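The data blocks that follow each hold one structure.
In what follows, subunit A forms one complex with subunit B and a second complex with subunit C.
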Partner chain A sequence: MHTKKIKKYIKKIREILFFNSLNNFLTILLIFTIFLLSLQSFSWFIFNSKWSVVTTNIPLFAFGTFPESQRWRPITWIISLLLISVLSIIPPKWKWLRKNLLIAWIGMIPLGIFLLYGGLGLQSVMSRNFGGLTLTILLTICSSIFALPIGIGLAFCRQSSLFVVKKLSSIYIDSMRAVPLIAVLFFGQLLIPLFLPLGLEIDRVWRAIFAFTLFVSAYIAEDIRGGLQAIPNTQIESAKSLGLNQLQIIRFILIPQSLQIALPALTNQAIGLFQNTSLMSILGLVELLGIGRSILANPKFIGQYIEVYIWLASVYWIICTILALMAKYLEKRLKIA
Partner chain B sequence: MKGDKIIFFQIIIILLLICLFGFLINNLIINLIRTDLGFNFSWLLKPASFALAEHALPYSPSDSYAWALLIGWLNSLKVIFVSLFLSTILGIIIGLSRTGNNVLLKIISSFYITIIRQTPLLLQLMFWYFVGFLGLKNNFINFTNLLKINNQGIEFLGLSLTSEFSALIIGLSVFTSAFIAEVIRGGIISVPKGQWESFRSLGLSERNGLIRVIIPQALPAIIPGLTSQYLNLAKNSTLAIAIGYSDIYAINDTIINQTGRAIECFIILLLTFLILNLLITNLMETINKFINKKNFLY
Partner chain C sequence: MNTIIKVKNISKSYSRGLLALDNVSLKVNQGKVLVIMGPSGSGKSTLIRTFNGLETFDAGEIDILGIKINSNYDERRIQKIRKRVGMVFQQFNLFPHLSILDNITLAPLNVQKRTRIDAEEFGMYLLNQMGISMHAGKYPSQLSGGEQQRVAIARALALKPELLLFDEPTSALDPERINEVLDVMRKLAQDGMTMVVVTHEINFAKDVSDQILFMDSGKVIETSTPDIFFSNAKHERSRKFLNQLDK
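Right after this comes the complex of A and B.
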């Protein structure tokens, strides 16, 4: 009985790994390389790595130079963000909550501003003290909440029957998609102050959010347009025959369906946005990667690139993977519903 | 809406936009006058007075800004086309091993794709530069003048590449290859299963069937995805500034720091990317036409 099982396993392994001479060679080569690599990295991990550069700086990575006594504020904000994303993915039983999720999402921005900047009874904190993961999340959340409606609007404008509207929005979308993100961010940081009237100044963080919104909305518009084009014409005809007017068709038929179709693409945009906030470290904001860079510039931790980069990569990887998994789950649920 | 109403509505939109732009440009002019900069391109002919480590054409600090910008553009083109080539090869290998039968290869390639896709490119570039090259010893690999890899870069058959260039090429190619692999996998999956079964039943070998039956049918689905990945690659190459490679964006940045001519440099940057985009889109369209004209692989 036992030998039979072992024979079966061996047969299976032969089928999936050693089924012709080329694959025999490849498999053996790969196993050998993996063995060597894991041996080396294991010995580095045990004997040579010094993780104190990460462990002593965890608060910096999480909050930047946010005042120590006030750290509960970003924590509260991030926890409420987590809560609301869980609520949107696993639908609550209470209908009123389900209906007001959208409002709750939009409310996250003023809540974040209040908690991070302070005021109204809280000690006020300057935006130059924002940093680390908190700033990364602030940039991502605000830009994506602003960019989604703008992107939807642009997508509809591009399909509009009005010539001027159609042309203008296509010019905007196409030119934004032709430009590298860093140029747009550069525009946000250095050129926006030139276009504002004397005396009016916008905070650096908000200039970055503005630039990200400009950039991402063009990409979202194209994704939504793809969704709109995938909706069969019969949907619109049947909605018309039910007596819905143009606005109702857009609100109840086109937007929900195009969002559902575009969901995978939109998830990729969100993940991309989250990763691309790291570009702000070149332009002088100390978000997650920026903190890593400034820690590496500290003579105390000189040369410990590998530890810091592995740590940062795993933080980014974990958050992006969670985002992707949540989106996959949501997709599945929407398909059933 | 009636015809008159539509025209009226559009005119109002145009007027509003003109007002907005007028307001912004008015502010711009006031600010430029206030900072005593003005708006002109005559500075382009002045000597740049900064050195460039990497130049495809002869360059010295006494050359003009315009020449420095051209050098930067050539540097960008060099990076883009070399990594375009490398990432395609790497992407095809990974995409095929992801769709192949060898389970170990499948696991490794999907591991590779998730790690590369879920971490920021900037972090990867810094990793390749600071750990991958600057972390190397003086004589990491040295095969009697044939191939030398050390912290100065790569030297191969007399062709020497700086460490910045090599790190940028490797980082961009590895990052883009993960996306190209997904495009290739999508293309191969889009070919119906019946095609695989029918070429097998016709007695074609696995490799012959892949080359002659599956790939020609997958190409129409692959080319558009590939084009957008190439455009992304071109745009991503501007991250070179993070590791000190003097591409077009980095040189514009240096010039802005020296002269303060942000608006002019920004316009130059936009025009450069317009040209680059047109170049890549036209190239890919030619390839697409070539493929669609006749199935050349049969």
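Right after this comes the complex of A and C.
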């Protein structure tokens, strides 16, 4: 039985890779090249790579220049974020906790601000000391939590029967989608300070979050609109016949169902947003990629960019994979519903 | 005897000048069952959907439970009607993202502002009546069509309505599942619920209805008691329809 399977497999490989002489030649050439390349990278990995650039700088990659004595603060925040993500995906038994998960998610923003910036008894830390993974997560979480309700609002406005509301939201969504993200980020970093009155200043980190929110909410609005259009009209009719009013229909029927339908697209947005925060490294924020670049600028580690970028790529890859797996699990669980 | 529904000369036309309802009048008293029959496209569904404002009309007047509506769409009055009138649809239209019990308690909790304990208790009572209390925690997609339709009936009953509207409640069901729904409806009629039922189920109409309304192309062709309608229909058109159904 087993040998039969293997034989079948070999036959298939033969049919695909070795069916005439030109094909034989190409296959062998390719195998040879792959072999050479892997030998090269393997020998680099074993003999030439110096991972001390990563290992000695782990705190920098994680927290940036956050004061050493205060590092428990970002750690606490990230752990509570992890905890609440797990709770959202594997619902807890206690009903009160399940019902208050949304509030807990929104509460993550003030908690993060308090823990990172300090004040109220905690030593205050300037935002220029934020960096590394902490800053990347701060940018991602805050932007997505702000952008989701705005996106939902925009999607409903675009469906509205009021002409002005409909047109304004359409114009906003379409123009945001017509502009590259980097332009919006430049606008946030360079132009907003010019528009603000003298003396009033918004933190660089918040300007970035503001720009990301503006941009992402337009895309989220389109994803939600797709979800809304997929809900059959009969759902609205049966809700109406039960005496629910317009707002209740939106809240209990349309929002939950459209979110459920749009979940795969929204996951894409979240992963995209997470990766796009790396653009801030060219605008002077030392988030994960930025901190990598500044470490490379240190004469001690000069020329070790392969190690640093391999490390950064794996960190991004791991986090994005975790996000995708979480979303997949959530989708599966919602599918019964 | 209280009159629950009084429809006076309502008409509705579509943009192409097609008449969906042509001068329809009818009356339903409390505790009575009206069955509406007719070929597809005859306006039965349109008519029953005007009773709770899912469909507008161009002329005439409808009086439901003493609340009058006319061709001017009055959201507030229609809302009042919907709180006292339940509706069951052909495709069940349960909310797929809510559990069975949550489907039933949604309106009592948010429209009638009852307490959760109260609403869930009554919801479980209704599910028990329908013989499906074991499914309370499941989701609609996990239930068979007949079970889903019984949930839909329980959902409509959760607001303690004074009138129930059924729009072809068994047309989307497998033949062997039809009776479990019809039995529930028979029981409701016996308990004195006022009902309007659009259906093709002849036996149900014969046994349960007090009055049969036969429609064709938007017009009421005849209104009779089931005895007369099924043995000796007055109109040629009704007899032809019944012959077709028998085949």
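Everything below uses one rule, namely that the second predicted complex is superposed on the first by the 303 of 337 C-alpha atoms of A that agree within 3 Å, B and C clash if a C-alpha of one lies under 4 Å from a C-alpha of the other, contacts with A are read in each partner's own complex, and residues count from 1 in each chain.
Just so it is clear, a residue touches a chain if its C-beta (ideal position, glycine included) is under 8 Å from a C-beta of that chain, and two chains touch if they have at least 3 such contacts.
This is a predicted model, so every value here is computed, not measured.
Trainee: Between subunit B and subunit C, whom does A:Q257 touch in the aligned arrangement: first, second, both, or neither?
Mentor: Second partner only.
Trainee: Kindly classify A:L26 by the partners it touches after superposition: subunit B alone (first), subunit C alone (second), both, or neither?
Mentor: first
Trainee: Touch test for A:I109: subunit B only (first), subunit C only (second), both, or neither?
Mentor: neither
Trainee: Once the shared chain is lined up, is A:I75 touching subunit B (first), subunit C (second), both, or neither of them?
Mentor: neither
Trainee: If we overlay the two complexes on their shared chain A, which of subunit B and subunit C does A:Q235 touch? Say first, second, both or neither.
Mentor: In the superposition, A:Q235 touches subunit C alone.
Trainee: Decide which partner touches more residues of subunit A, taking subunit B and subunit C as the two options.
Mentor: For subunit A, the partner with the higher number of touched residues is B.
Trainee: A:L244 in the overlay: touching subunit B, subunit C, both, or neither? Say first, second, both or neither.
Mentor: The second partner, subunit C, only.
Trainee: Show me the residue ranges of subunit C that touch subunit A in the complex, using the header's touch definition.
Mentor: Residues in contact with subunit A: 52-54, 79, 82-83, 85-87, 89, 91, 93-99, 106-107, 110-111, 139, 141-142, 152, 155-156, 159.
Trainee: Under the stated contact criterion, what part of subunit B meets subunit A in this complex?
Mentor: Within the complex, subunit B contacts subunit A at residues 6, 9-10, 13-14, 17, 24, 27-28, 30-32, 34, 101-105, 108, 114-115, 117-123, 126-127, 130-131, 135, 231, 234-236, 238-239, 241-242, 249, 253, 256, 262-263, 266, 269-270, 273-274, 277.
Trainee: Taking the touch rule as given, give the residues of subunit A at its contact with subunit B in the complex, in rising order.
Mentor: 16-17, 19, 23, 26-27, 30-31, 34, 162-165, 168, 178-183, 186-187, 190-191, 193-198, 271, 275-276, 278-279, 281-282, 289, 293, 305-306, 309, 312-313, 316-317, 320-321, 324
Trainee: Show which residues of subunit A lie in contact with subunit C when the two form their complex.
Mentor: The contact residues of subunit A facing subunit C are 234-235, 237-245, 248, 252-253, 256-257, 260, 334, 336-337.
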